[in-house]
């Protein structure tokens, strides 16, 4: 199998073009001088980016998305690490419990969104920030669990036992040995949780309330209502840059391959 | 000589046993890992738990360290029952098989960890760490990280970490297993020296019989959760109590012998037509029985064919090993005997006839398993 | 002592389990409950019990139409994802280029770029005055702009693009386990590249391909955002139908029924995969051998 065959190479290039085209195109369209989206962009201007700051709903949505994502990440980290460590030290029923805790991402997101919408309204729980955070944490925690578990399984038990026989009580062992050594998994999990929460549309939409809507959900509504315009393209471009920045930061902190190893999903 | 003598040795009061195990039993999911073990260790003694993988030696070590709980029995240290005491409160030093050095801490922080937990003042921690490093010959390595050290260095840091807190008992799990041969021999010498110098009561787990014999005062040979024999290295090597011990420690020849006569303290045996007597305290063997005798290859004498003091055998193999040669003989009825002979004497060829000589002092009559022996009881 | 350990363990699991129950299990149970409620008593609250909903809703021609559309899109998306994803997986697994890490990141990173952004991109690319049409018109390949978006075609392309990374990850998982020495052995026995692929690589990659197909299909029939944005309000899939029930028609009972049907479909497809294909793939399942 010669993968250096020119025909194969051409196919690969074409496929990468396919993968990157939509993203590149959006960024390119965001600098067009026209209000409607055109490609190639006519002219070059950054005014749409500048204007974004003045459009209150976008600023609010960005802030809201950010706050929701940060709090979601914290909750997911706490619960996810807890579960990952518990699973690691469990033999009986581990597979079952693992499937159970990972199940929120195995089922269609729309089912969860609708389910929560109905359930919250049934118990009188108001839609809005707290509801959104709780919902996001349910779908983000499994990613933290996977990321931390990937590192935890390679953590030799003898390290923790060493600390024990040296006199450290269990909580101290957690603090001095376990958590520091889980850092790559924690960071990777945190970044994934953050990005998944930040990017989320479906659930955020169902649980949004007036004035409390995430940026992606807002973008969705706007596109669905009035179609695409250059302002929307500008925000999208910003989102892309932001995401790339986060991924680059994380790869610098933890390493690219570890990050994607933890992303790998298998049913 | 039979097991009962070793047994007596074991039962006879070890003056002040520092550590005692009484009827300790532990199973994992239905299998008995440690089966009714009785053991006592004297203060300052170095005892090896020797056996093949799966024999329960590591489980036993973990029970002593407190990392596992026994299902039954007592563990007594310094006169007090320590079964319920958590591993962080036992004050023992442990060196794990994979060293378990904290990868995110420097050598100094690793070694000082136990002291930090005991809330020693910083200045003292620093000096204690320096002392410990000096004891293991690694002065100046304070700021290195474990991944920057060689295997031998890591092992010494693990040792330093275990002894710096001045533990009352040192537990070592296959301490030299990961090192290559030359390094291992050097480390054996050093380890023994450190242990002697500190007078530290030590229990060592290993599957390497050479290691057990080099490092310890006594060796407990284990198999399938039980102690098959316990005694000094010389005892267990030269006087194995059963075929397991005989085969596990070095090579051994196992031959059938017929008991021709039995007198008090003496048996007259017939091996391959050769008759000799052997001093013994056997209680179970009777005249007319066939038993198994063990003799080490180095104790087998080989003489020229026809020599009346031995029995006839034919050469089936000859391996020059450098400092000695291994010769394999077979008798006419198929029994196989291995002997070490000097490499400077004339080489033997396949088919040559020789006369194989055994003496009563070099042979040991074996009980088959410990279950053949009278019940072990601890007083 | 053992008993105390077990009860501590149960307690430690209790907190996350409660959390999962409250925010996931109970809402799902409620969803099922709603699908069994009587819509004549209340359309938004669970009142009464009836199985009629399933009959009514699932035999409704509009719904049946949506089902067919949804599954049709699912199949095409999966095929496209496989067609595009397999070569990329092969390339990423085998290349010794030092850019491998970057290329892998480029393939997988889109997962983290908002789905709205990616859908926008396809709108720009595929619309009448979009990039593709502009190029085709300029090159003279077509005389009129092609209707590439705001229809099923656009949805299929867009969804395949979104789900491609999942297929790649799955297939790569299998390809990575194949030892290069197997190929060398085949070549030494006289096999040309195509045969090596057909006889060695393809069969051994089947577990990953199977898992990828399952994953992508399930995600494709459940996806909501892309069909909404790229379907131009004319394409009706099950998720969109459910969405409308909840946001415009306010018949939550009916909406719940549709979603339950979708959930059950997902479960059934998974089970079929486990039972039927597992046997077929297990004979070449390398993970068993290793």
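We just call them A, B and C in the order they show up, numbering each chain from 1.
Following the convention adopted for this analysis, contacts are C-beta pairs under 8 Å (C-beta built on N, C-alpha and C of every residue); 3 or more make two chains touch, one makes a residue touch a chain.
Since this is a predicted model, take the numbers as computed values, not measurements.
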Please list the single chain whose C-alpha centre lies closest to the global protein C-alpha centre. A
Could you work out which chain's C-alpha centre is the most distant one from the centre of subunit B? C
Distance between chain centroids, defined by C-alpha means - subunit A, subunit C (Å): 18
Inter-chain centre distance, subunit A versus subunit B - centres from mean C-alpha coordinates, in Å: 56
Distance from the CA centroid of subunit B to that of subunit C, rounded to the nearest Å? 60
Sequence positions of subunit C contacting 2 or more other chains: none
Per the touch rule, the subunit A residues reaching subunit C in their complex are 1-3, 8, 11-12, 15-16, 18-26, 29, 37-39, 79, 82-83, 86, 90, 97, 100-101, 103-104, 107-112, 114-119, 121-122, 134-135, 137-138, 192, 195-196, 198-199, 201-202, 206, 216, 219-220, 223-224, 228, 232-233, 236, 239-240, 243-244, 246-247, 251, 256-257, 260, 263-267
Mind pulling up the subunit C residues that touch subunit A in the complex? 9, 12-13, 15-16, 19-20, 23-24, 26-28, 30-31, 34, 44-46, 84, 87-88, 90-91, 94-95, 101, 103-125, 129-131, 134, 161, 164, 166, 169-170, 173, 183, 193, 196-197, 201, 211, 214-215, 218, 221-222, 224-225, 228-229, 239, 242-243, 246, 252, 255-256, 259, 262-263, 266, 270
Which part of subunit B faces subunit A closely enough to touch in the complex? 65-67, 86-94, 96-98, 100, 102-104, 113-114, 117-118, 161, 165
Interface with subunit B, subunit A side, in the complex: residues 156, 158-159, 161-169, 172, 176-177, 180-181
